[in-house]
Structure formats: C-alpha cells, structure tokens
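These notes concern the structure reproduced below.
Note that the chains take the letters A, B, C and D in the order they are written out, and that residue 1 is the start of every chain.
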Amino acid sequence: MPPQAQQWESPHQLETPDTLHTKEWMRRYQRIRRASEQLCEPLCTEDYVIQSMDDVSPPKWHLAHVTWFFEAFILVPFQSRYRTLDSAYDFLFNSYYETHGVPFPRPRRGTLSRPTVADVYRFRAHVDTAMAELLESPPPEHVEEILRRVELGLHHEQQHQELLLMDIKHILAQNPLCPAYRDDLSPPLEDAPGELAWLGYPAGIRSIGDDLKSGFAYDNEGPVHRQFLEAFQLGNRPVTNGEFLAFIEDGGYSRPELWLSDGWQQVGQDGWQAPLYWVKRDDGWYHFTLGGMRRVDPQAPVVHVSFYEADAYARWAGARLPSEAEWEVAARDVAMKGNFVESDHLQPVAAPAQAQSLSQLFGDVWEWTGSAYRPYPGFRTLPGTLGEYNGKFMSGQMVLRGGCCATPADHIRPTYRNFFPPHARWAFSGFRLAREA
Amino acid sequence: MPPQAQQWESPHQLETPDTLHTKEWMRRYQRIRRASEQLCEPLCTEDYVIQSMDDVSPPKWHLAHVTWFFEAFILVPFQSRYRTLDSAYDFLFNSYYETHGVPFPRPRRGTLSRPTVADVYRFRAHVDTAMAELLESPPPEHVEEILRRVELGLHHEQQHQELLLMDIKHILAQNPLCPAYRDDLSPPLEDAPGELAWLGYPAGIRSIGDDLKSGFAYDNEGPVHRQFLEAFQLGNRPVTNGEFLAFIEDGGYSRPELWLSDGWQQVGQDGWQAPLYWVKRDDGWYHFTLGGMRRVDPQAPVVHVSFYEADAYARWAGARLPSEAEWEVAARDVAMKGNFVESDHLQPVAAPAQAQSLSQLFGDVWEWTGSAYRPYPGFRTLPGTLGEYNGKFMSGQMVLRGGCCATPADHIRPTYRNFFPPHARWAFSGFRLAREA
Amino acid sequence: MPPQAQQWESPHQLETPDTLHTKEWMRRYQRIRRASEQLCEPLCTEDYVIQSMDDVSPPKWHLAHVTWFFEAFILVPFQSRYRTLDSAYDFLFNSYYETHGVPFPRPRRGTLSRPTVADVYRFRAHVDTAMAELLESPPPEHVEEILRRVELGLHHEQQHQELLLMDIKHILAQNPLCPAYRDDLSPPLEDAPGELAWLGYPAGIRSIGDDLKSGFAYDNEGPVHRQFLEAFQLGNRPVTNGEFLAFIEDGGYSRPELWLSDGWQQVGQDGWQAPLYWVKRDDGWYHFTLGGMRRVDPQAPVVHVSFYEADAYARWAGARLPSEAEWEVAARDVAMKGNFVESDHLQPVAAPAQAQSLSQLFGDVWEWTGSAYRPYPGFRTLPGTLGEYNGKFMSGQMVLRGGCCATPADHIRPTYRNFFPPHARWAFSGFRLAREA
Amino acid sequence: MPPQAQQWESPHQLETPDTLHTKEWMRRYQRIRRASEQLCEPLCTEDYVIQSMDDVSPPKWHLAHVTWFFEAFILVPFQSRYRTLDSAYDFLFNSYYETHGVPFPRPRRGTLSRPTVADVYRFRAHVDTAMAELLESPPPEHVEEILRRVELGLHHEQQHQELLLMDIKHILAQNPLCPAYRDDLSPPLEDAPGELAWLGYPAGIRSIGDDLKSGFAYDNEGPVHRQFLEAFQLGNRPVTNGEFLAFIEDGGYSRPELWLSDGWQQVGQDGWQAPLYWVKRDDGWYHFTLGGMRRVDPQAPVVHVSFYEADAYARWAGARLPSEAEWEVAARDVAMKGNFVESDHLQPVAAPAQAQSLSQLFGDVWEWTGSAYRPYPGFRTLPGTLGEYNGKFMSGQMVLRGGCCATPADHIRPTYRNFFPPHARWAFSGFRLAREA
C-alpha cells in the first residue's frame, strides 16, 4: 500500500483492483455525471441562474461545484498535466472548504451571470475528459486513493442531484406563474394506506453505525458503536397529509403548548399555517409540486415540514419522534426499496393499501428524528480538506433518515445520516411517530 | 378638443396633427423601442436575470416593464380588441403604481426565471404589433391623448435605457471574473482639461422650470416660477478623478469634519474609501467600466460618487455644490451637446484641453446639486395612476442635473430633474463645484 | 477685541458689557440650569435611566450632556485651574462632536447605570460652581468669547429641556402601566377654534433668515438672504384632531395615492393607523399625554404626526404644507405668544374660539414645513468643534417651525429652524396647511 | 392522597409531614428569599433597571419574576382571599409561560422604569406575607401540592440568583467606568493545579438521570434510564486560562479547521479573539470580574467561553468534550463540594496544587458537554402551565453540568442539566476535556 493511502487513513478497505476495475468506476462515473445533466434538461437557461434564498444555490452552481470537487481533489493533486479552464473557478465553485481557500460568499451565488450555463457545461466536459484520461491509466502508486476519492466524489454528486431538485422546486415556487418543472411525471397510484399501526421493539444493546470497512459510507456514519435502547414502538408508516390536516384543523399552529419554544417563535415570525408550498383555495388545500400546482393527497406522506412542525404534531398526537438509533434498528431488517428518484414521481406517494407492516422507511420523505446531529463516540473526520465534508456541521442541526423521492436509490443506506436545521422546510422532509413501549 | 384631453389637463400643447403626424410618432416609437433591444445585444441570457441589489432590476425586467407601460396605459384603455399575452404580466411588470394594483415586490424581481428572455421579447413584439395597429388608425376622439401617452412612454423607455446600462454595469461588477459588457467601446480622446476656472453669475430674479406647453417635459419640471438667486460662481467643468484622488490622499474618507452626519455614518458602515468600482492595485487605482477593468484616468470627471462624497469633497475644497436653480440658469445658455450614449464611450471622458469656458454641463456625469428633490411652487401631478410617475418620490432624494454618458441625447433638457437618494452611487453621478460670488 | 474672538468669527455683535453685565448672565445661567432640574423633579430614579428607542436619551444623560457642554467648551479652554470630576465623562457625555473625540455610541446610552443620578447632579453642581467662579471674574481678554459660549450653551440647554419632555413622554408611554409624568398639569380651556380660514400673502422678494448680528440666533438661521415667493395662502391655525380624525375615517392610512412613496412604505412597515400615542377604545380615541391617558380633544391641534402624515393629510385636503420661507414671512408680523412650557399644559390646546386671524404660529405644536433642511445661501458653520452643532445634519431632514408646548418661551424666534427626519413622530409635531393663491 | 396531587402526577414522593414540617419549609422559604435580596444589596437603584442585551434581564425584573412565580402558581390557585397588588404585574413578570397569557416582550424589559425598585420590594413583601399566612395554616387537602410547588419555586428562585449575578456582571461590564459589583470579595488562594491528568472509565451500561422520587430534581433530569457508554477518559480538572492562552497564541481564533461551521461564522461576525470580558493591555491580559478589572490568573479555570470555543479548543488539543452521561458517571462518586456562591469568590479559582484526582466537577465553572439538550427516553413534562418550565427549550441548546461560582451550593446535583445556546458566553461557562480510552 502506498504511503499516501496510509496518510489518508482509509475509512474502509477498498475492494481489490481484481474485483473492481477502474473501468467499472469509469462507467459508474459516466452514469452518475450524466444523471446530473439529465435532471437539468427540463430547465430554461434562466432557471439555472436563480438563488431564491440563501440556502438555495443556482442549478448551474451545483453543476459546476460537483465538477470542481473532482478537479480540486483528484485532478489537481494526481494529474500533473491537468490544466484548469479558468483559475477563478477554484474560488467561485468552492462551497465551504475554508482550508482550501476563502469561498465565494454563499448568499451571493445568485449574482453571478458568468460563467454562463454553456461555460459550465464546457467545464464539466473538460473535467470529464481529464477524468477519463486519468482513469484510463492511473498512476499505480495512487490508484487506490484516486478510486476512493472518485467514490466520494460520486456520492457527493448524488447528494447534489437531490439538492438540485429541492432547489429547482424552491426556485419555481417563488414564481407567481407556478411553472411546472415537468408535466410528464409518473402519476401516483391510488392507494390508501389505512390506519396507523404500531410495531414493537425490545430493549437491549444495539450496534449502531457503519464500520467504514465494507462498502461506502460517509465518515459521519461511523464508527460502529454500542447503544442501549429502551423498548419502543414505531409507526408503520410516515404521517400522512390527511393526518396532518387534522392537526391544522385542531388549531395546531396556534397552540403554543404543542411547540418547542424556538418553533413557536418561528411560527409567529414566518406566519406558518401549513407545510411549505401549501395554499388554501376555496375548494381545499393545494400544494406546489415539481409537476405544478396540485390538490393535496390526504393519503400521501406529509412533506416539507420542519422539525418543529414534526415535533409539534407528535406532541399533539401523544407520541414523539424516534431517535436515529431507533430508526436505524428498525431499518436494518428492511429492504431498501421505495419511491426514489428513479420512480419518477418526484413527490411522496401513498403507501400500499394493505401495509400493516413497516413501510416507506426508505424513499418518499426524509424522516426527522429526535436526535441532534452530533458525532458518534470515536468519530474521526477525514484527513485534510476533505475533513470539512461532514464534521463541521455537527451543531444546530437534527438528523433525518431514509432518503426521499428525490434521492438516487443507490445513494441511501440504513446508516445514512442526513441533517438540516430544525426550521428548514425546503427538503423533502416528513416524519414517522414513535412512542415508549 | 375632446373631453378626455380636457380631463387629462394637458401639461403642454401638443403640436397639431398637421405638423406632427402619427406616422412620425410611429417611426420614433420604433426607433426608441429598437434602441432598448440594441443595448441588450451584448448580453448573455444569464445576464438578463440577475438582480445584484434591491435597487437594480434584471435587464429582462426593464425590457418587460417599459412594454407593460404601453400596454397598461395605452392599449388596454384605448384599444378594445387588444388581448394581453399573460394576465400575470400586469402584476409582474408593474413597477410601483400602487393605484394600478399591488406590484410584485421589487427585491424579489431577481427570483423570477420565467417569463424567460425569449418570452419577454415575444411580449415586446406583441405590444409593438398592437401599438403599430393602433397608431395606424387611432380612434380620432382619443388621438391626442394617445399621442401624449406615447410620448410619455417613450421618454419613460429612454429613462430605462440609462437604467439598463447602470444596472448591467452593477451586475457585471459583482462578478470576480470582471466581464466587460463590450470590448469595442469608443476610446476616450487624450484630453487634459486644465485647471478649474470659475464663471460668475449676477444676482436677480430668474425664471426656473418648464412651462409644460412647448415640447416635452415631465410634470416635475414645472410649472415655471420665479426664484431669486444671489450672485454665485460655478466651476467651468466637473471635478476630475485626479482632483478627487487628492481628496482621498488628503485623508478625505477619514476626516469626520468634512462630512454630513449621515454621510459619515455611511462611510463607516459600508467602508467607503473611494468611489464605487474603484480598486487599488500595486501600480495605482483601477475601476470597473462597461469596457472592463481600466486604469483611472485623472483627467476624466469622477463618477459613481454619492451626494455625501460630492458634498464632502466640496467642503474640503472650500466650495459647495450648486443649487439646481443655479445649475439651470447656467445651462440655459449652453448648447445641449456632450458625451451621451450615442458617443458610445459609456464612461465619462476628459473635457477638451482648451476649455476655460463652461463645459460638460450635459452628458458625461449626472451632477449632484445641493437641492433636495421637492415640488416646485404650484406643482401638480398628472391625473390618475400616471400621477405616481414622479411626485411621490419627492422625499429623501437630491436632484441631479444634465444627463450622463448613458443618457440618450434627445432625452435631456436644461430643466430635467433627475433624483437619487444621497447615498446612491451606482448611477453615473459626479459633480461640479459652486461658491458665493 | 482679542485675537480669539476674531478667530471665532463672531456670528453676531454682542451687546456691550455696559448694558449686559456678566452678573446678568450669571442669573440667566442659574435660572435656565435650575429649570432643567425642575423638569426632572417628578421623575423616579428609575425613569432617568431608560432609553426607550435609539433616538431617545435617558434623562440623566441629558442632564449630564448639557453640563459637559459648559465644561468642554468653556471651563476646559478658559479656566485653567478647572479640574474635571471624572475623565470618562468627556467620552460618555459627548453627544456627536466627532472632532472632539469618538463619542460613546448613542444606542448604548441606556446600558449605563453609572454615573448614577446622584453622580450626575454632583457633576452639575461641580460645573455650576466652576462656572460661577469663572463668571465672577472672567479673564478680560476672553470675556466676550466666554459670554458668547455661555449664551450658546444656555440655548443648547433649553433645546434639551424640550427633548427631555419628549423623551420622558416616550419612555413612560412604553409602559403598560401608563404612568403620568405629572397629574397636576394646567387643564386646557374649553375652546373651539371654528372653521379653518385662509389668509393671503402677495408675491414678492422677501428677506429670510437672521443677520446673526442683533440678539441670539443659531448659525443655521443665517445669513439673511433674499427669496422670491409666489403669492400664497396660509391656514389661520394648525390642523386639529377632529380634522385629522376625518382623514382617518376617510381611509387616509390605507390609500397609497395620498402618500409619498417613503411614507407609504413606513405606514406598512410600522403599521401606522393614527398619530403616535393614539389608542382606540370602545368609546373612542384616547392618547397618552404627560398627564396620563386622556380622551383626544377634537378641537386641539393634532400632534405626534410625522412629516409623511402631515403631507398625506394636506394632499387629501387639496392643500399642501407651507415652505419655511412662507411660514417665516407670516410669522414676522405676529407676536411670539402661545402655549409654551411656561403655560404648563405640556400638550397642545385649542385655539381661542373667535380666532379667524392667524393663531398658534408659536407654541402648541412644531409645524412641519415642506422644506428640506438645507443650508441657506452663504451659510457658514461656527469654527472648530462647535461647527458640528447644526450644519452636519443638513441631509435627510425636514424643517419645522414655531416651537411647541414644551419649548421655553424665550427660546423661540421667527427664524428658528428645527428639523427632524420625515418619519419622526415623538416630537410635539403638528402642521398647518398652505395653498396657492 | 388528595385528587389534586394525583392530577399533578407527582414527580417524587414528598417526605411525610411528620419529618418535614411546613415550618421548616417556611424557614427555607425565608432563607432563600432573603438571599436574593442580599445579592442585590451592593446595587444602586440605577443598576436594577438596565437590560444590556436581549438575554439579560434587569435585576428588578428578576426579583419581581420569582415573586410572581409564587403568586401565580401558589397564592392565586390555593389562597382564595389573596389579593394581587397590581393586576398588570401578572403580565409584566410572566417570563415565558405562554399558556398563562401573552408575556411582556422579553427584549423590552429594559424599557420599564415602573414599577420602581421600591415597588418591587413592596411586591416581594406582599407575597412573602401572604405565603407566610398560607404556610401557617395550609388547606389540608392541598398541603402536599403546595409544598411541592414551594419547593419548585425556591429552586426556581435559586436559579435566578445565579442569573442575577451573570446579568449584573454583564450590565456593569458594558460601562466604560468598569464599576465593580463588590470590592470585598474573597481573594483566591495562590494555587497551581499542575499538569492535566487523565482518569479512565470502563465501558458498560450505566444508569443515568434521576428517579424523581427521592429528593428534588427538575423534570428534565428524569426518568432514570440506561445508557451504554464506551470506555473513556476524563480530564482531572477544567481547562485553565493559561492553557487557553496557549490556544489563543497558537492562532486558535483564526484557524477555521478547528471550528464547527456555525462557530467559525460567529467568530467572524462578532470578532471574537478571546473569551468574553477579556481585554489585552500592554502588560498582558485582563478581564472584567464582579470584583472589577483584574489580571487573568493562568491557573484558574477559563470562563465565559461559548460551546464553540470549548469545542474548538478540544479539537486543537486532540481531545473532545465529554458527553453529559460520561460527566454524570464520573460525578456520581464525587462529593458535591466546590467553589459555590457561598465561597464568595464569584469567580473561578485555581484547583488545589496537589490535585491529580478528579477536582472541580462541582462549582467554579459550568462545564459544556458535547450533548445537545434533548429529552431523556420517557421524559414527561409537568402538567399544566408548569410544563413549560424546561421541556420547551429542548432545541438548539447544549447541556452544561456541575454548577459554578455563582450557584447556591444546595441547588446543584450530579443529575442537574443546565443548558445554553452554543454561542452564549455570559454564563460562568468553562469546560473539561475527555477522550477515547
């Protein structure tokens, strides 16, 4: 093993070059890179430029940033003959890697008309060509490290594919014209999941997290460690729009005793009266979706709620949110199937009618847990600049689990820890109830 | 004369249809409308979308708003068979006419990707076609009123042509790539205007303002009224970059005694140390221009300074700013020639070397006066919604005079009153000194 | 005349020592200084400490600041043996004289519990003793300059007496307990001023301002200069609460066409629906006064309105606000009598019933004019630090004239120029209408 | 047992009236109530009024609010003949109990001069008299519930005693005069704690939290539950000023890689360069203490650092903060002695020189843990309005443990969970290091 890889302190053992060829990585690279561009095909040039709030990035920025990741962390260090297209890109498309240099201020991303969309696609092609050359004949002493970073870069790009959809939705939703992202999305099935059922789990010591040895996982998913869980029960499916409507109609948004103090302040400050994107019309509730403005389906999981709203609903319902460990224990035994981006709904859909068993853990909606996003015991960040990937955000955020209708199916894991601030609503975020046994 | 025109309380007598045919108006309409689009030709689609600060509007918004003006104030009231392209445009492209309806919030203009640039050009073509039809055979009982509004609408569009250039400059200046708007601008002559000379004007009663009867003027330029002016002197040319540099080097930005209190606060809050767009490099001062980043020319008039900076410079120089009446008295006797948009510099240039006489009153830079923007005695707004055009801004702003290098030459008049808040710097604003006799 | 006085460039000729003895100045000094303390007698210690908004200063700060004025500008320069009580006072009680040193930040004045109220009174006594000694035997070569500064300092203190009452009112008004400042104020007479009458003034050249030679005036009141006024008419009395109520009931606060753009924005942002301190109860409108919560008297002048509200009312009434020159022309011929602080109403009262002639120009309410606060032609500030007294505020403010029910009677003049930002409402500000002849 | 007590769902079994008489409670009540007033004896009246930032309350507000607690939750429900002094107090002195009524806005507490300090002491005496009468002959059917609420009210008052000292310190620290709260505080011993030592703890299932049955504890300390802890090590004492200075001198405040992202943003925004209250002078670092400005003692625990600073230091030192469970496991075996408010230092002091064993767990500084403040498994709030006491703040805050130099000694417990937002620095907050075994 080369010294570089030792310095890198490999988070998991890469499969041997015999079983996993760089050619296979090249195919995976091309597939995932192409998927990003396919997501943007329905966009007008103008859509690529907008930053509708500080948390949202213009789509062309996403496309460029994920490309910069390969340039900055693979091509520049490992491909000596690589030449960058424009030295300013290194500053413009660095997101938050402070040790790499001072990034361009995030809230100003929407002020940049140049590089243009065409320039960004040129940048992508330029980097893709260089990556193809590198993977064609990688320097043998660095091949393992390169492939490790390729893998990380591709997971990073998949994360941004989901962000792209969230951000495009937010951008289009600002517009009084209510333009649909696509009008040919897969329609939901006409399912009715039935009453909520509770599934029980016994107390005991559980192994939580990923060992970072077999298969890919982010640093924040490890190390594996033991947690003692008291017995608990978990709802068999996420809370639905219909159930959430009952909360609204019971005055849920105007009863301070149901809310965390920070949440109650947010309700007042932002005038929340329903989930994000909901609009009340004379004939009932509608919400903006990537397919345009649609009537709210009472059977589908509620989505675009904050942690505060999830928590308030749970209190109203006499329940609570599961901890992330409880969620993970339940998810270990479940097949990772669900309504992912490949289902092409791009919106949560109702669980199958007969489902009394555990359903929709994966896909549909990211599920808020009651766990603050903090490091696991023994957590260590990646070395160097890549150490900024996850660890530095372990403050002021809550963990969500399970992926959503905008997540690539091969991007999710039972141990996957997503995180957002408790007031955030523009992700495809919903929730599932838990309670003491 | 039809009753409508009487109700309209005509601000000036229109020349008779015999001398000024609607066909001539049609040509003028086409010429000015075309000019707006020509200004946008160097733009990428992405440039059209950006709102770099609340005061700036995306270029495509400008193009649509001036078109909406013709639709809302001429086509809808006078062309009964006119059909709008999209009813939402009436809301999206209303700037500030509150009595016409609640406008889309100004600071959110940069969140709209749709209508696209192509849509906006379609909207322009749609309105232009309808306007051509209307002017082809205008209803005789309304022809005078229609032509009056066409004239206003064209002056309005010319104002926005200047705003387009100001805003495009601001948009491109945010970008670390410093992209030039055009790289084929007319180069300045190598002139050196020489020392400042003072020209004297005697005391007396002066007639100020426009009679609103012959030729076009905005409502805020009238009525003609008498003002008594004490004797005064006026600088023969605007203050130059070289002179302003002496102020900077004398600590001008760090000496509170030179500043109005509000100005001094702004200096501290925004960290002003030089005019907007100036950057100090190792080999001297540069500034961003529509032709890209250029070395500051010491002979050219200083531009992109606020009223506060102009006022502080004047105090430092033992002088003051002229009142708008003083400026107007001097301007009455001067030919309206100068560096306007047609000169294609799009940047102030040095006065001719020999000029000891009054120069550059028109063009180059809008000149801050010491006069607050308030109504003249007897001022009356236009009736109806168009009454919101000028009058409601008569608070918190200072008057500027004379037009600039981005102003169409046939848009300016000696009585023209431009106005900006005292802290504004993104207009092509400079100044000229005055003092007591 | 000593060289210092020449440098000082005396704004007006002081009466000779023969006619105006320093002993008389001493008596005036003592009378005015005592008056400040008498105004504070009804306060609790706690009242002295509060800063209810950035514009308001704690009463103890006022008492200390006016004392600092005598220390900094008279005792320190002219009394060599003077010793300050605490060197930090020079920093804490400097209001805005930047050339004297960096003042303690205004919005933080309410965070200072020390020096205590007792300390502040000790500071006053300390300075008063030193001033008495100085005026007992002033250095002959500086006596004129000293007396000139004493005069300025006393006018300054009188200004702060009015500010004290404005600020105390604002402080007490924040409190849900609605505590009265005093419950023994003079009750208003039961007058009814009758219908508004219009008084006419012919066109002509008028002499405006003070010659700064005879009697005291601030630098901003001069120099005397000529203005041409077109013929105009002036309302015989200020607008009353009853008249203003008709504006409210006619939807005045919800009709954008009546408002300046900045004013309309302020209405929306701050939710204005009536003058400051007004509260609607089941049985009608009440307002908070220095005598506690009282029913609004429809006959008394409306007070605590902003320039924006005055301007909107005038537009609604088909009139306008007078210019400050128009006001001054009318005021020259009127006796300076009125409802001043000595009347002990501390609230505007109704004009006498029979008054068809010009009334209430002085006292009752400061009258907003339509004039922006800008320098007169030929204006020069006082030399040195005292030059910051008035001149640097000549931006962003409007002129008010005539004094109010909280102004000391001997503090006002026909040429007196008060000024506040157009949104300010906590002064005793009302208005009078004008219109074209 | 009476029905009320059942409804109350008693958090712990009260000792029987035989062993713990209401007379003893009366003595405890009087002792603790008197202690609050003793803390305020060094204050001037003016000090009682100031709110130096939104998080700080004026001292007179603290004195009134803790009194309101007894009135609202004991006298009004259980003493039918009780008459309140002023009905507005119920609104003014409610802190955050939304289900009790809309509280007066927290950031406006500093605008209230009335009720005066004397009024507040009258309010205290009024309530104390009524409480004495009630405890003299409590209604037998409610005695248990009353005593339970008295106990809660007294713990509440002790919490506010600590807040009083924190807030007084912050208030006085704003003042450029740097007034000391007291100049007769106990001087620290001249101790030098020596090098940091690490103490090891084995892995295993631990019982965490309070059973809420024997002795008092807040609802948030329970219920007892099991947690699995991996083996860990704990620093034998808190980090000292001297150690923290090494972090500062090593560029700790300018190295982004050491900081959580939110923390790094706060460093930039607030310009942090050292702990709160630290000032660098020519001869070294000083800090403001309740005894005035003093030289920083390198041997004493660092205090007034945020969670972000504690976390960054730990990362710099190659360690981490302990979880609250780890801290509690260590604290179970340690005597609850330390530098509390009774030591009368009111500032952390150095650990004894010889201490290689675990020291200063209790007292000196509240110790930031790495645990977000979230409910324990099975947590239930108190019923009714008192349920707002703790639970609703379980978002966006971090847990601190162990009490500080301003905590009453009988107020602390090993299970006590204090909490502050991660950026807060005005509490007496320090930290201790932990690391993996």
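As a working rule, a residue touches a chain if its C-beta (ideal position, glycine included) is under 8 Å from a C-beta of that chain, and two chains touch if they have at least 3 such contacts.
Keep in mind that what you see is a predicted model, and the values were worked out from it rather than measured.
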- Task: Could you pull out the chain whose C-alpha mean position is farthest off from that of chain A?
- Result: C
- Message: Can you compute the centre-to-centre distance for chain C and chain D, using the mean CA position of each chain? Integer Å is fine.
- Response: 48
- Message: Could you work out how far the Cα centre of chain A sits from that of chain C, in whole Å?
- Response: 60
- Item | Distance between chain centroids, defined by C-alpha means - chain A, chain D (Å) | 38
- Task: Indicate the residues of chain D shared as contacts by at least two other chains.
- Result: none
- Query: Where do chains touch, given as pairs?
  - Reply: A-B, A-D, B-C, C-D
- Query: Which residues of chain A touch chain B in the complex?
  - Reply: 44-50, 52, 60, 86, 88, 91-92, 104, 108, 110-117, 171-172, 174-177, 179
- Query: Across the complex, what residues on chain A touch chain D?
  - Reply: 96, 98-99, 203, 205, 225-228, 230, 232, 256-257, 259-264, 307-308, 311, 320, 323, 370-372, 374-375, 377-378, 387-388, 392-396, 422, 436
